[in-house]
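Questions regarding the structure given below will be posed in turn.
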Amino acid sequence: MLSPVLRPGFIQLRVLDIDEAIVHYRDHMGLDFVSRDDGRVYFKAYDEFDRHSVVLREADNVGVDVMGFKMASQEAVEELRRNLDERGVAHETVEPEEQPGVGERLRVHMPTGHLFDFYATMALSDNGPMTDNPELWRDEPKGMRIIRFDHCALLGDEIEAAAEILIECLGFSVTERVVDPAGENIAIFLSCSNKAHDVAFLKAPVKGKLHHASFLLESWADIGHAADLMARRNIKIDIGPTRHGITRGQTIYFFDPSGNRNETFSGGYHFYPDNPTRVWTTDKFGKGLFYYEQEVVESFVGVYT
Amino acid sequence: MLSPVLRPGFIQLRVLDIDEAIVHYRDHMGLDFVSRDDGRVYFKAYDEFDRHSVVLREADNVGVDVMGFKMASQEAVEELRRNLDERGVAHETVEPEEQPGVGERLRVHMPTGHLFDFYATMALSDNGPMTDNPELWRDEPKGMRIIRFDHCALLGDEIEAAAEILIECLGFSVTERVVDPAGENIAIFLSCSNKAHDVAFLKAPVKGKLHHASFLLESWADIGHAADLMARRNIKIDIGPTRHGITRGQTIYFFDPSGNRNETFSGGYHFYPDNPTRVWTTDKFGKGLFYYEQEVVESFVGVYT
Amino acid sequence: MLSPVLRPGFIQLRVLDIDEAIVHYRDHMGLDFVSRDDGRVYFKAYDEFDRHSVVLREADNVGVDVMGFKMASQEAVEELRRNLDERGVAHETVEPEEQPGVGERLRVHMPTGHLFDFYATMALSDNGPMTDNPELWRDEPKGMRIIRFDHCALLGDEIEAAAEILIECLGFSVTERVVDPAGENIAIFLSCSNKAHDVAFLKAPVKGKLHHASFLLESWADIGHAADLMARRNIKIDIGPTRHGITRGQTIYFFDPSGNRNETFSGGYHFYPDNPTRVWTTDKFGKGLFYYEQEVVESFVGVYT
Amino acid sequence: MLSPVLRPGFIQLRVLDIDEAIVHYRDHMGLDFVSRDDGRVYFKAYDEFDRHSVVLREADNVGVDVMGFKMASQEAVEELRRNLDERGVAHETVEPEEQPGVGERLRVHMPTGHLFDFYATMALSDNGPMTDNPELWRDEPKGMRIIRFDHCALLGDEIEAAAEILIECLGFSVTERVVDPAGENIAIFLSCSNKAHDVAFLKAPVKGKLHHASFLLESWADIGHAADLMARRNIKIDIGPTRHGITRGQTIYFFDPSGNRNETFSGGYHFYPDNPTRVWTTDKFGKGLFYYEQEVVESFVGVYT
């Protein structure tokens, strides 16, 4: 089955102090500030066509409100609604313009406790990539030179059930998984595209938690630059620059001022739906997580929002 | 419409001297030699799962025999056959194992004079990427460190008609096009994936010609390395290292010993089917072709096989 | 003999329009604007300690006024003065503060018609690299991310005689030379440090001409970035990105708005005074100039200021 | 004073198993195997002119036998001998050919317990860089693509006294130092060239110990490649890829099979003798050591040979 999901379209995060967060996401990460509406702040990366891809909401606790997925058509959204009904998966409708410029969304209550919104329309940015005799970019990319919001890794308990919905209703592929000695999946990486992952689920006895929200950089050279910038500006690096065994991406993990984990990464392989699934066993999980360090870092596994 | 085409799967080229060609594609470019059968030599890149992606055939003239596309399913191949019949597009069946390890192919006679083969099955390589606790690579990539056969640019007359088949029967998107003052397309770039192009047509009063066969590298750093290696080994560079305006890819063009043009490239944007088409006008075609030089190089346009 | 010359310390260039030039050197190249005094504008690169390294003077013709060399001590300057007297080489004294912050200079009239200033003192910049618990940089490098003014290539007739002064009076080494079939040097590359060249002389029947003033970048990645920026801002690229055979540097040549040729380069080997001299013959001069193109580009040789 | 020392010329290390060590230094690091003589194995990097730069000796304990420095002339060696006599620093003569191809050496017993050999002659390699119409390299660099043996960091007690000899007798400059709250230097970085360090002393209540022997790579891209290769071949990485605050070098630390610490690094600033000394205080020592991690890693400080 071909996936009618185009891409992760947005992430809505809760932050403790919206002004501190703006400095982080706009000035340090270099995202374009789009608007401040209804208590939320909207951002996009320089190479994204859609109006926004990151939404921050000030709250008294942190974490992820919802992850949005852009679909190829409204028909695909409707077919998903029917499939969810057949399966008895809880869902609801989010009205158009609940986020500025975004059409009606089908909100799915995932078995892991996460909210996933599926939608077919978002207004185009008036500051997206050029299309008439297009230059490389309008203005030189700023901050960490982020190309796009790319994917999330999410923690929850029922990761098999969550993955099943994405696979069976939406044509996602499992690109990699990590299996414990009992044969149970403790991590599942899923793609709806040619990316090594569009979303990943990590098994934990929790509901609706965020491990990290990830942003694409162009190259290992830009990974180095981002690390320089983080250190210069005293942004706390969690781990990196390093490489994942899983997805082969080159990566840095760091935190926003509220403690939500961000990732900037580059590279990794290109996935096609006919590719075999890569499978990791727990004894090699360290190398799968961090190819250079070859060990599981406790803080990396244990800290989330 | 979602494209049921996964990717360009192989290119079969004619070369004048097969042994010279082997030195070029295996030792200089660094492709894995797969087999030598029935007068043809088969290669693959280190990061490809399928048995082969480059096929060379010794002949007394050069150019492209056929470009192959891997489809998501045999059903998709059959649906294509029906669509072609409706449209009256000539096609034929290529028997399984005409190339070792490849299933039945639907061969389409494109209006530009090219042969495009669509197929759903090819044997997996026993030397493809690892899948059990996979290392980054089995052995360090050799030669130009080519990741995969990526795309072709083809010259022909009826490029609108060729593009129409890919768009309407196969769900390809037009990512970029170059329009002359009369409003006619003189180049059309098409994608069936998240790539900026899987195939491109360049208008010329010829049939079935090859402009170049292109191979993916990881980064601008590897572009530099490939240029070093070409110069060291006296491989004729046509142009580069430079960057395209169209697709934004970083590139080097060079020739195999028979005169077929090869490209190694990296970078470029990631495409989604809901992205607007980029449009170039002929006065900016120079910048579209070569962003740094900003001019059309005659030899680049006029030489093909 | 150990060279008492530390480095090329400054270049003073003539430009036709000082305001256009400021946009080029400050905004595009990214040099720090230091001051505008006495009809001249002073710049430095972010990683230089001294007050300035580039001086622009508005005039009705273009080219180089003088190239300055920082020496290890005033004693070394005085010893040079004595040596020049013995040799009968014309020289004069430039008073302290002729350029702000620069001490007395010994100005040598080189046989090629160039003026070379040797001096032991220049005021430190208050915006140089940090020295107390130093960060990587104060502010992120801007524009082309230039590290320093690095070297010049100069055209003149008596290049042997000019080189002899640098070698015998100042301990420079010949790193590379290009020899014509008659055995005469047509290009001489000289180093007073661990650089592959601090100054180069190119033989031409002219006096006091500039081929290019060159600026160091960190890496091939920054070469690519500089090319992107030049193309985006429509700065005329002469040639590149490419690599020199001579010095092995990775390079882009381009022009300032007045037509003075600039170079940004990175890489190349590290030189030690006990290294053999590399020697090129004219039949390989193309590869020596441009390793990838392997040919002499006429405009590159014939255009200078 | 100009330093008559050209560069660190060789390091002689003790290893527990010479055959294992050969695999590490030749096959993994990619050094050229030069010869196996008198129980020692000799290596050089591809871009070094001299016969050898790394010497391994099998022994029942590990560490450094001697670090060698190439001087500009025999006169400079003799002047050093006189200076040492005046100062009462112990020294001796090592006969020519004690290492194949190396002339007489002046061996100095440094106050830190290290042996430093100063010599003016070593035979040129017949496999050094090309000098007649030179190509970029003879053969593509292998393994970690090491350019040269670059420097050592050494542990000892009397680091002030050791530095004083290098500064006063040999014209070394202090590029950086780390000062504890009592005002005492706990680390001193010294240069005899345009490098940020040719040797470093780290204060510890020991004699003659090696912290690491360091090897130059071309770029951050090659740092990433070296890390990939180490991980693929299960070479234990100590820390990295990361960047130093001190010297600004980009680095990976790892161990040879005997436990001697190696470093591969790239980048860092270029030093001139008139540059101010950078000074670190102990509260920022973490950032000085590892700019990204910003903390002192105990194993890094506590493990040496």
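For clarity, chains are labelled A, B, C and D in written order, and residue numbers in each chain start from 1.
Just so we're on the same page, a contact is a pair of C-beta atoms (placed from the backbone, for glycine too) under 8 Å apart; a residue touches a chain by one contact, two chains touch by 3 or more.
Treat the numbers as computed from the prediction; the structure is a model and nothing was measured.
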Higher-contact pair (C-beta pairs counted), B-D versus A-D: A-D
From the C-alpha centres, identify the chain that is farthest from subunit D. B
Gap in Å, rounded to a whole number, between the CA centres of subunit D and subunit A: 44
Give, as an integer number of Å, the spacing between the C-alpha centres of subunit D and subunit C. 31
Could you state the distance in Å from the CA-based centre of subunit B to that of subunit D? 48
Note the residues in subunit C that touch 2 or more other chains, in rising order. 135-136, 219-221, 228, 231, 243, 287, 291
Under the definition above, what is the set of subunit C residues touching subunit B in their complex? 220-221, 224, 227-228, 230-231, 237, 240-243, 250, 287, 291-294
For the subunit A and subunit C complex, residues of the former touching the latter: 135-137, 140, 219, 221, 228-229, 231-232
How about subunit A: which of its residues touch subunit B in the complex? 2-4, 6-7, 47, 49, 70, 72, 124, 129-136, 147-148, 193-195, 218-221, 243, 245, 248, 267, 269-270, 272-281, 284, 287-288, 291
